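First chain written, first letter: the chains are A, B, C and D, and each begins at residue 1.
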Amino acid sequence: MNKTILEVKGLKKYFPISKGAQKGMFVKAIDGIDFTTKEGETLGLVGESGSGKSTTAYNVIGMYGATAGKITFKGEDISQISSKRPLNFKKDIQMVFQDPGTTLNPQRSVRQILTLPLSIHGMLDKNDPEGQLIQLLEAVELSAEYLYKYPSSLGGGERQMLAVARALSTNPSMIVLDEPTSSLDVSVQAKIINMLLRLQQQHNLSYLFITHDLSLMRNLATKVAIMYLGKIAEIAPVETFFTAPRHPYTQMLLSAIPVISEEEEIFKQAKITPKGEIPSPVNVPKGCGFNTRCPFAKEECFIDDPLMQEIEPEHFVRCHLI
Amino acid sequence: MNNKQEKVVTKRDKYENIKQSWYKFSLNKMSVVGLVVVCLVAILGVFEPIIAPFPTHVGAYVNFKEASIPPNTTYWMGTDVFGRDIMSRIFYAFRGALTMGIGVLVVVVPLGGILGLIAGYWKGNWISTLIMRVTDVFLALPPLILALAVSAILRPTLLNSMMAICVSWWPWYTRLIYGMTTTLRNELYVKSAELLGASKGHILFREILPNCLGPLFTKMTLDMGWVILTGASLSFVGLGEQPPIPSLGTMVSDGAKFLPAQWWIAIFPALAIMVIVLGFNLMGDGIKDMLSSEE
Amino acid sequence: MKDKIVDIRDLHVWYRTFAGQVKVLNGVNLNVIRGEKVGIVGETGCGKTTTVKSILKILAKQASIPKGEIFFNGTDVLKKNKNELKQLHGSGASMIFQDPTMSLNPVFTIGSQMFAVIKYSGQPGAEKKSVQQALAIKALKETSMPDPERILQSYPFQLSGGMRQRISIAMSLATPRDLVIADEPTTNLDVTIQDQVLKMLKQRVEDKGSSLILITHSLGVARETTDRIYVMYAGSMVETAFTNELFKKQLHPYTQALMDCIPRLSGGGVSEGIPGRIPNYLNPSAGCRFAPRCPKAFERCQTEKPEYVDVGTEHQVACFLYS
Amino acid sequence: MLVNWLKRIGTYLLVLLGLSILVFIIGRVIPGDPARQALGPRAPEEVVQALRVEMHLDKPFVTQYVLWLKGALRMDLGKSLMTRRPVIADIKEFLPATLEIVSISALLMVLGGILLGILSTKYADSWLDGVIRVISYLGIVSPAFVWAIIFILIFGYMLPLFPTTGRLGLSIISPPTVTGMYTIDFLLNGDIVGFKDALSHLLLPAIALMLGGLAQAARITRSSMTENSTKDYILAEKAYGIPERTILLTYLLKPSLIPTVSVLSLDIAALFGNAFLVEQLFNYPGLSRYGMQAMLNKDLNAMSAVVMILGIVFIIVNILSDVVVAYLDPRVRLM
């Protein structure tokens, strides 16, 4: 059995609202979540916009500090904001963002972009820096000629490969991937996904993979967690998740996915027609957050927020119906 | 890997970049006209002693016999009431004008820019609030009035009028850079650098500042024109370079007394001001096109 | 003879840029039969949006049409004068745009925008305020918008993306239209909202007896919404077939490769992707534009542009492998 | 909503306070002895000393400032050294004249600038657009005082259509003071001849003042309209067959005016600055000419007062532009 690398316990992140009619209230972006990731695993964190999945990623990487709860990485507490974390954690957890166009400074060359993390962490090979950088580029299937290019002359896929190379440069044990392929075409997405899988094998990487695309998770996650309104609704190993989903929201999401073959239709067995929209994380409904859209909601769903239960090993569901 | 080969690649890329930038710049013919005008003004100003037909006329030269002659083949722009060649004096005044523009920008751009960077990056912090409130106060007056007020208090010299313009000009750069920095600091590439643990210096000057340079250069080019114009306005009311040293503003205001009969005394220096400002304006537009990513 | 509402023949569109003429559309052929729901599927930059914008004659100023014909209801749009275009725009075709944050004017209320659309639709009595109001409310109700009166007084920024897209749908069908064009209407929406909006769109178009052109990059979306699909690559249609048929049998190497790239809900991993990039439109080769990336390309593909060949009922492929 | 506006006004008041400090610093700290400077080197020492006491220059700096500020709040701005009258009396006399000229100038600038912007968008890349562009460049690059000289040259000597000096013709008697703005006072008095005369005196300086701002407004309007015209919502409106004219004048103009308004508010403030030179040239007895004289004569009380008034005007213009932007942009109004 692999070791646990990341453990999130009771994590909360509230943002105060400083302007407008809702001044003084809080955006409850994450409202108490727990999960763990093991070495070499991919945890897929799925949800709609406003579910808190990206905030979770930003908390893990340290762009925000936690409001409450604890994030443990390799046994050490890293709940605080990145600037207060010891340098070696910044080396050990890396991040790839959604839009490769905005994560690469347009005024800096590929060489400068790749050199930065190495020189910060004192890992730059003084004798042959170029060779080291070229090795990095080659690891993500880019050739040496890219070294002196600027991001603007790269295609979307190439930029994302470069972002992966940067994340890889410090030899991390974990990479947080925030929708790394959602702004790319499927033909490019396929390339990136295969590369990520290969790199995971080679370096025994753990991925925290944020996405809204369940079909994608099916093909690369070890474990899938589904978030709704700042909370995890269901979390299970990938096989269980797709063959025996229990939470009505999971079933609703699955039945909303447009698919391209009859074999896939089988996985949409629930046929719950989606209705309504995700409520604002400022005015969270009383009781279960999903009660405004749940076709099976009963009285107690409007009174109490359900607790997470383990219905079979590794399969957790947070629903009154179970 | 062969080091030399790499360097060649860089150089070629840079050369390509320059070529493309020039192409974009020259796409609008007016920008090229602007550039030519600016270069011409600079050459005439710098080499005035060689180029000007009557280099001695720039000082306290008096020749009443030749006074107030309309433009002719000897004096292309005529002579003033002291019999001095107006063209030579305009060439010399270009010097003062360019000195003024460059001198002011050299002070206000780094000063205003760094304040803007600091205020923008630490927005929400007291230091940022302080800087921006002070900036607001300076911006509450039209630059010309503030410059007039300051230079009226000081002794009228070129240096003092430059100082006065600096006082009224820096906040515009603070505001420009502040505005850009507040957006840029939230860019993911800045966040990425922060997450990697890069130093504040690196983030301010390597990640944020290079992305401000486009609008900054555009504003600087345009401002060369405006600063010169403001300087001319100051010397127009006598708060700049003192006679007998020629400056465009003084020449216009002196000449205005002899309108309309001796129109050339005021009109040519006035045209000279317009030409300089126009040159920098056209060039600024070209630079804006050049740095815009649109194709 | 089938009643073709749209019939595009050999359409070429070029854009003037500082680097030269970018030859975006390279002979597009497309037709839509009255009442049919047609999908155009392709990746970024293949010219989907340009194709439909030229039907409505709302291309950017830099665009030119060196060659081609666009018949709408039997007449060539490109030869129409201003008055005839009024009819095309008023009751002929309407368009729903991709980005719900940009497709409604930010500084006018939903009401004033809908009223203007109805006013210029050429419907009898549409100049009357009361008719506009009634039609707008009816259209909003039909897209199951709660509280339509309040919606009419709202500004776009006060509504969510899903609601804005539904308003766009309501607007496009507030008065009868022969054709609705939807350009990636759900790309920026969450999957549960996408499902609702697509179902709504499909149902509204069917109820009104209009035709639909749905542009999407997602084969899944096209499969669930349309009757027939065009697969587009680098400025021309490479394959067209009825939706069911296309998902059973893909003939063009590009369609096949595209299918393989899509991650399946049933698992099994994804393919390695399609090598290379889309070609440069400045100096495209005279041959098949997919040839440089095509695993099955041969000599002829490099020099000659393949034309459509029939390979079944309404199934056509532009590929030399089948001619 | 209301809280936001109050907050904004509070910020502006803070700016005003800051401005008073700035003015005070410029006036009293930099030059050394303002009393001596004001009276000149030949004034007898006891006169200078008397002035020092009068201006509280014998007291510490902070006390000086507090005394000055207290006075200012009581509308007591001290005595002008030039006119030997209370500054407030001078301002009452000269401010309306400048407000009159600047208002007309601003009105022409706003309407003309937006109109030119619309025209050059509508006829983009045609000869008319070209002509407007050339006019814009000329307007932008020529300082107001150059325009003033050109106007005086043309209309004063070659084509005497408009008067080039003063506020009224010699044969016209000034109207009874109500607002101090002659055009309005004449109208209130029912004196059409006087009104026409006052207006004709305003026209040239007003135009000379605003040409730069006009050109700026036209350029901003054009570029903002051109940028917005490629937005999806405009394409959608075109696709729905809404007539070009309606789109241009309603759906495209309204969102495009938002940047124009903020540029215009800066330009209106700049009109006051330009008025410093232009009023001088047209011999127009306004506040700006008064301020210019005060500066050149080192009349500190008058100078500080004029600068503070310009600050207040700037703030009023800003509040107005905030209101207009809020009217144009529901996002500002409702959020």
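In this text, a contact is a pair of C-beta atoms (placed from the backbone, for glycine too) under 8 Å apart; a residue touches a chain by one contact, two chains touch by 3 or more.
No experiment lies behind these values; they were computed from the predicted model shown.
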- Query: With respect to inter-chain C-beta contacts, which pair, C-D or B-D, contains the greater number?
  - Reply: B-D
- Message: Among all chains, whose Cα centre is located farthest from the one for chain A?
- Response: D
- Message: Just the number, please: Cα centre separation of chain C and chain D in whole Å.
- Response: 52
- CA centroid of chain A to CA centroid of chain D, Å: 55
- Separation of mean Cα positions, chain D and chain B [Å, integer]: 24
- Item | Chain centre separation (chain A, chain B; CA means) in Å | 50
- Tell me, which pairs of chains are in touch? A-B, A-C, B-C, B-D, C-D
- Seen from chain A, its contact residues with chain C in the complex are 48-49, 155-156, 185-191, 193-194, 212-216, 218-219, 242, 252-261, 263-264, 266-268, 273-275, 277-278
- Message: Quick check on the complex: what are the chain D residues that touch chain B?
- Response: 11, 14-16, 18-19, 21-23, 26-27, 30-31, 37, 137-138, 140-143, 145-146, 149-150, 152-153, 156-158, 269-270, 272-274, 276-277, 280-281, 291-292, 295-296, 298, 303, 307, 310-311, 314-315
- chain B residues touching chain A - in the complex, by the definition given at the top: 1, 3, 6, 9-10, 13, 187-198, 202, 206-207, 210-211, 213, 293
- Residues of chain C defined as touching chain A within the complex: 43-44, 160, 162-163, 190-196, 198, 217-221, 223-224, 247, 257-274, 277
- Message: With touch defined as at the start, can you tell me which chain B residues reach chain C in the complex?
- Response: 23-24, 27, 295
